[in-house]
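Below: one structure, written as structure tokens.
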Amino acid sequence: MTRPISLFTGQWADLPLEEVASLASGWGYDGLELACWGDHLDVSRWDDAEYVAGRQELMARHGLKIVAISNHLTGQAVCDDPIDRRHQEILSPAVWGDGDPEGVRQRAAEAIKDTARMAAKLGVETVVGFTGSSIWKVLAMFPPVPADMIEDGYADFANRWNPIMDVFDAEGVRFALEVHPSEIAYDYWSAKRVMEIMADRPNFGLNWDPSHMVWQDIDPVGFLWDFADRIYHVHAKDTKRRLNGRNGRLGSHLAWADPRRGWDFISTGHGDVPWEDAFRMLNAIGYSGPVSVEWEDAGMDRLVGAPEALAFVRKSMFDAPDAAFDAAFSSK
Amino acid sequence: MTRPISLFTGQWADLPLEEVASLASGWGYDGLELACWGDHLDVSRWDDAEYVAGRQELMARHGLKIVAISNHLTGQAVCDDPIDRRHQEILSPAVWGDGDPEGVRQRAAEAIKDTARMAAKLGVETVVGFTGSSIWKVLAMFPPVPADMIEDGYADFANRWNPIMDVFDAEGVRFALEVHPSEIAYDYWSAKRVMEIMADRPNFGLNWDPSHMVWQDIDPVGFLWDFADRIYHVHAKDTKRRLNGRNGRLGSHLAWADPRRGWDFISTGHGDVPWEDAFRMLNAIGYSGPVSVEWEDAGMDRLVGAPEALAFVRKSMFDAPDAAFDAAFSSK
Amino acid sequence: MTRPISLFTGQWADLPLEEVASLASGWGYDGLELACWGDHLDVSRWDDAEYVAGRQELMARHGLKIVAISNHLTGQAVCDDPIDRRHQEILSPAVWGDGDPEGVRQRAAEAIKDTARMAAKLGVETVVGFTGSSIWKVLAMFPPVPADMIEDGYADFANRWNPIMDVFDAEGVRFALEVHPSEIAYDYWSAKRVMEIMADRPNFGLNWDPSHMVWQDIDPVGFLWDFADRIYHVHAKDTKRRLNGRNGRLGSHLAWADPRRGWDFISTGHGDVPWEDAFRMLNAIGYSGPVSVEWEDAGMDRLVGAPEALAFVRKSMFDAPDAAFDAAFSSK
Amino acid sequence: MTRPISLFTGQWADLPLEEVASLASGWGYDGLELACWGDHLDVSRWDDAEYVAGRQELMARHGLKIVAISNHLTGQAVCDDPIDRRHQEILSPAVWGDGDPEGVRQRAAEAIKDTARMAAKLGVETVVGFTGSSIWKVLAMFPPVPADMIEDGYADFANRWNPIMDVFDAEGVRFALEVHPSEIAYDYWSAKRVMEIMADRPNFGLNWDPSHMVWQDIDPVGFLWDFADRIYHVHAKDTKRRLNGRNGRLGSHLAWADPRRGWDFISTGHGDVPWEDAFRMLNAIGYSGPVSVEWEDAGMDRLVGAPEALAFVRKSMFDAPDAAFDAAFSSK
Amino acid sequence: MTRPISLFTGQWADLPLEEVASLASGWGYDGLELACWGDHLDVSRWDDAEYVAGRQELMARHGLKIVAISNHLTGQAVCDDPIDRRHQEILSPAVWGDGDPEGVRQRAAEAIKDTARMAAKLGVETVVGFTGSSIWKVLAMFPPVPADMIEDGYADFANRWNPIMDVFDAEGVRFALEVHPSEIAYDYWSAKRVMEIMADRPNFGLNWDPSHMVWQDIDPVGFLWDFADRIYHVHAKDTKRRLNGRNGRLGSHLAWADPRRGWDFISTGHGDVPWEDAFRMLNAIGYSGPVSVEWEDAGMDRLVGAPEALAFVRKSMFDAPDAAFDAAFSSK
Amino acid sequence: MTRPISLFTGQWADLPLEEVASLASGWGYDGLELACWGDHLDVSRWDDAEYVAGRQELMARHGLKIVAISNHLTGQAVCDDPIDRRHQEILSPAVWGDGDPEGVRQRAAEAIKDTARMAAKLGVETVVGFTGSSIWKVLAMFPPVPADMIEDGYADFANRWNPIMDVFDAEGVRFALEVHPSEIAYDYWSAKRVMEIMADRPNFGLNWDPSHMVWQDIDPVGFLWDFADRIYHVHAKDTKRRLNGRNGRLGSHLAWADPRRGWDFISTGHGDVPWEDAFRMLNAIGYSGPVSVEWEDAGMDRLVGAPEALAFVRKSMFDAPDAAFDAAFSSK
């Protein structure tokens, strides 16, 4: 099973795609998971055949596959509440518009539909992304949260995403939700709930990114087994816990790389994700899709880290053998 | 050192104060930490001498001290953003008014000033409470949070609470902030930051409630040492961690007592707070104020739990001796 | 929810039932889980109305309910292989017969059918017991175990127990298999497999006994959630782990209470089972059946331990409240 | 097996023995382990028959046994180097003399011989105590310690204690060394070494005191098994670890009860000693001697702690049963 | 100290020895531990000088030493009970014969004697292997196991292996029992018992294979110290624990590499064996024999794993220095 | 930030500096931390310009910087008590003189002053070293230590080191005390105390050596944050804990590399120091000084270990990036 190892371009969108492709290709990556921001991919031009062909040509020129396209930033606005200047910062002017929250949400939903259309045009199987959440803000459960407010949050998600998924179905494209704090699904049981809601929508699946699980003490390997048939994408991203009785789980509103944080993102392979167990589990459940390095480490230079992460993943990911070792004991 | 053991009436405000006082007195509590909701205490009547005297008389009749007054629910609205129906649920109609967020915040601030005035009238040294926070909602740090947005959050807190603290100073009353998720200070480093901001306001201190620390992996005992001179109140409330690789730290938006939560509040003494170490530390730092049982356990009847918690606290809290044991070795 | 607390009489079968009933009643137990050995209950006399009435009368005289009947020892022989002198020791002469293994198995199967019939006569809802296993002996997976040998083991179980369950169905009685080393289901995944095989037989469920799980590092509380609708009986039995680098998990073939064992059974409440979490989970899944103290502790006198265990269970098992504690915050 | 539970009077020597005996007897202790300081026992008067009879009479009057006599303070001086004002503080003027170190050591050795003689006169089987050590001071192994310096330390011990043990042999009395930091044996391997040196002296054994083991991460229960035949006395004393990344194992030269210490002595049953496992192991190795509460807790009043410790020990220490529980399964 | 690093050929016996030798030599192994199955070594031909010379010539041709010969599969049958189709699968037709259990055991014993004779002919010092066990099957201790049944198991072992060891003595060859579940010794205390039985037979020792210890929570490094003078062979084989509350210690009868197993064999260096500590301990106890890679990992291709394991062992195993580092501090 | 990686020559002083420089240079080290013993550096010749120039020339010839000079051995004698043959072994004859303790201490103090003078002549910013301690020997707190004895120890340190620091101030050189058992500061709280005493002496700082912290269970990374502005030097030295219930924290007076020790020094990168976290913290606090490999591993050849340690440190120590990774998300 040879899974492509790709680089997610989201954290490189300050550079032109041409340059990112050149770097990734030079390091030996097999492909890219294209971010739909910066100049990397403009999903609003899905019906501009020349634009689409141009993107394909650029990638081909560098010998790279497009393993998936990712629209986390726009997806975030679909359900989020409140919508504020954090969103303005990450949305395209067209989606932000006048910034009226409900308008932003609806334009974001339309843009996600366009993402499906773009994926179809590019011949890409999977769109990766976020959903936002209207109930993430009530995480602390204080002020007391009426039970129906949680229910409303899940219903809001269903109402906003079902029409989106109709377009995905029509285009034959899958959506892979990244289980992530601030999204409708951010841990095991919230993912369980979301997948029950989406049980009848086989095109709705998950992007397994273990970096968000280890600091919550969720077992990312067991997660793969339990959601095996809906793992549609994999992010190779890592997290380091640094708990010492003063640093806590919630991060103290400190910036990335501040050593007082109780946890931090870290270059893939430097953290607490049990990678070898994870790759063996991916073999066990027969996952054959891309493994996409999402590189975030505010304490290391990305030009050092990205090729190192590729080497780490390549070494850690090996095939299962065909025959059992104890067959050799047989006297037959 | 005989600290009064009190019951915080916040979780009993569905009952008339008369009834709560009767129960608490019957169980053997020394006093109450009066909640400013239900019919327990109406701070808007701080200048109604008869009302004040009536509350005092009620307490005296049951042989109970007022060890502190608590206005968590109103304080929550001072800095919170968004303000929504969760707040409407917990605020008095007067503070909620038309529900316009900024108006709610300002009316809440005024009500907290009244709380100080009421404390002065009642001869109570400490007001316990929450502050709310305009940046709690960006806890996940995604969408990316501009550094100045965090700064703005702390500045907003300072701007809103300094005028409030002027009234506390004028009244000679202390405010004890409960370090708690959803507040401006919710862990060690955010508390550190808030206390730096408030360094020159000796009437601004902390309510040490360990139940919010243990599930964040913050050492509640070491916290007492580091903030020793600003511990103005103590809540004896407990938390149980239940992490098994599926249950995570963030609670999955599940209701209290749902066994899939990674942690839950629990009857004092049944959880993971190291109580004996904590009480010994309170001796070491010379804390002589009240120890107030805040009883929250969605899996146990409160009529069973509250007297059991009192017995637990009384047994666990003992004085330090005067002489060192190894003095007995001396040949002198 | 008032669940009866009973004593399992299996470890007291050297005493006449009269005496055990007298002891248990005196200690305050609500009922007995009757063992089908010693003189406690002879299932072969299920159609002897006088005998049945006599047992009922004896129990009534001591104010005790029969919460379940248990036939672990006979059930063990249904699938076991090998059958040897350990079985002879624990089987009635009638079931053992000439000791020919297959004959023993078949007579044991018939005796389990009689157990269902006896339960029906006594008006008892549940038979608790073991199944034996033809593949327990290949646990070490060495010499290499052909995959079909494991399959054969499960098939053998199905073949032998389906006809038995037909009788249970006919009698309207449930069977609760105790997940236990040496049985067809002894851990999480083997229980999962067995319950898949028995998915269509609602009368086939589980006896949850956490003592066999903790030394295998299986989470007994999570087990309850995952098998919630098939928990038909509960054993309150405890285990203490004593691992120090020399004592191992497998017990070294040492006798119970030998301090070199890596784990040992211990008086309920003295071990590593998280009882309070377990009882809260039983509330959560709505289990309303009996909680039966199975007392095994080779290092303590049973006359001391059995009443102590009852007191422990009674104290640990409390009801969930009707109202949520944070309802009291409401201003409504 | 009914072991006497005694109180070690060392930490009570500021009170007259009469008063300590009265207290201990009133609390329900079975006997005392008499300290040879304060006015409790003056070993220099071993040949004063009237004095000896007087001590016996005092004890009998309070219904107390003398379970052992203890001369830790004098024993400490036998091998110690340096001898300084700490020793002056704890030695009798006669032993201290002019304070010349070697003279002090020799007078201490003679006093220990007298202790054996006194034990014989009192009909007491065991003397408990310390030995001191000339090499404890080089614990840090820096400045580098020549290998022969360690050897010299053990040889010095042997040279000084063999003549002492000749007197013990002559008197038919046993010496029980308390494994303790600052003594020649302070952990597992140093105890192993000392017992090799003393292998041929059956009257030289150990006082098992787990409080000194838990903060060193030594397994006190396994220790009992390995030194089973030389456990001549037991101290029920407890220790609490308080490690949080700032508090360390070495105590920082901070006073007892300072909450910054990484560990502290604590009232028996409040600490980290696995008492139940320990008492079961004492059953397993057939220890039938006294269990002596050594009460040291700088954070609790001893008048509260000593009776509480007695109750704790009595409850924790129970006999093993005669019959195996699974005998009841037999069909015979 | 240059210990040869060898490859155990047991898991490669489906390939001709010629091919295995070629592979191992190419990877850089120093020698082989020859399995006595497949075509690798036929011990029944011990007195066929030409055959023996041929095996030696083959090995020499590839520049490989024979560090030991291993007859696990035949040894297993010596004491095992039951004997069933698992054994038929792994035994030579000559040993299996008609499959009558006692005949199989006796022919297996004879074959082990031949293994000693073959070792002598080949000039090999050590035979490695299993013993089987008549009591492994009663591991669960249920149905209750009469104490004499365990004793009988050890006696059966002694009776069957003493005559075998007489031949080893005569041939001047050592037997190294691999401590392993399903054998007479499978953990610390069972190994202790077996070595007591064999105390007077210096040719009976142990093959230290840590992979069977770590999942039992036995300290494999401390094991080396305690059995230092009887460690006659070393297997470099590794195990990974994967316990998550659902996966348990007993493996659930699941196939190797199934991710639901609580533990699994894994390529040397990928698991939980503390290899560096182990190699330092081998230096400390002066073990100078071979270190033999036993490679079992059902999730990795052996052609990838075997050379990787060799590199890992070579890097991890280094010599102790001659001089102490702190000698350099001396001013002399 | 490019910190020089140096080798501390203390453990190489049996070799001429010429040879050590040649080795270190060949391995790729950037500089040396020169030990003031062996022939490496004779501080008494600080005013011998030719000697000083010669040392500088030697270093320049090998392309090495002098990053610091270290006088641990002489510093140890300044406060130590007792002074004995361990000190004679490590002191120069001139400092040892007639060995009278107080004379030794005073001559050692003078030699430390010369060390400052030599540093100034060599243009070296920092002297690293020990202080000794008159109270280390009372670590066990038994015999009971009068509180003023501890105070006297700190006062003695202040009295002896203030005049020394006057010379450092005059020379413009900093002293970096290595926090280390046997010194006045050996853990977190003793370092805290010493830094309070020296608060007004900015030239007095710390040498952060984590190897002495991990076996005491002190968090070495948090230590850097708390003492950030006084970290004047860094030792890259490692420690491995080996606690198994028999090996304890105090080392049992066993030699280095004895596998029964509860902890041991080990080649940098092989132990329990969290190096990557530490290097990231050094970035966070802006430490720009040298990182000096102190290589001590009694179980590995130093010629193998020293270059391996260099490679490890170089790989582990990387710069923080300039831009935040999530800047790339911006749509601006």
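All chains are identified by letter, namely A, B, C, D, E and F, in their written order; residue positions are counted from 1 within each chain.
As a convention for this text, a residue touches a chain if its C-beta (ideal position, glycine included) is under 8 Å from a C-beta of that chain, and two chains touch if they have at least 3 such contacts.
Just so we're clear, the structure is a prediction, and the values are computed from it rather than from any experiment.
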Ordered by label, the neighbours common to chain B and chain E are A, C, D, F
Looking only at C-beta pairs that count as contacts, which pair of chains has more of them, C-F or A-E?
A-E
Between chain B and chain A, is it the same set of residue numbers doing the touching on each side, over half shared, or a different set?
same
For chain B placed onto chain C, the superposition rotation in degrees, Cα atoms, nearest 5
120
Relative to chain A, largest Cα-centroid distance belongs to chain D
Taking each chain's centre as the mean of its C-alpha atoms, give the chain farthest from chain B.
E
What whole-number Å value describes the gap between the mean CA coordinates of chain D and chain E?
46
Compute the distance, rounded to whole Å, between the mean C-alpha positions of chain A and chain D.
62
Indicate the residues of chain C shared as contacts by at least two other chains.
73, 89-90, 143-144, 219, 222, 244-246, 255-256, 260, 326-327, 329-330
Should the pattern of chain-chain touching be classed as line, ring, star, complete or other?
complete
Where on chain D is chain C touching in the complex?
219, 221-222, 225, 276-277, 280-281, 283-284, 318-321, 323-332
Would you tell me which residues of chain C are touching chain F in their complex?
244-245
Sort out for me which residues of chain F touch chain E in the complex.
10-15, 37-38, 73, 89-93, 96, 240, 242, 244, 246, 255-260, 270, 295-302, 304
Under the touch definition given earlier, write down the residues of chain B that touch chain F in their complex.
143-144, 326-327, 329-330
Touching chain D in the complex: which residues of chain F?
73, 76, 81-82, 85-87, 89-90, 135-147, 149-150, 153, 180-182, 186-190, 193, 213, 215-219, 222, 243, 245-256, 260, 262
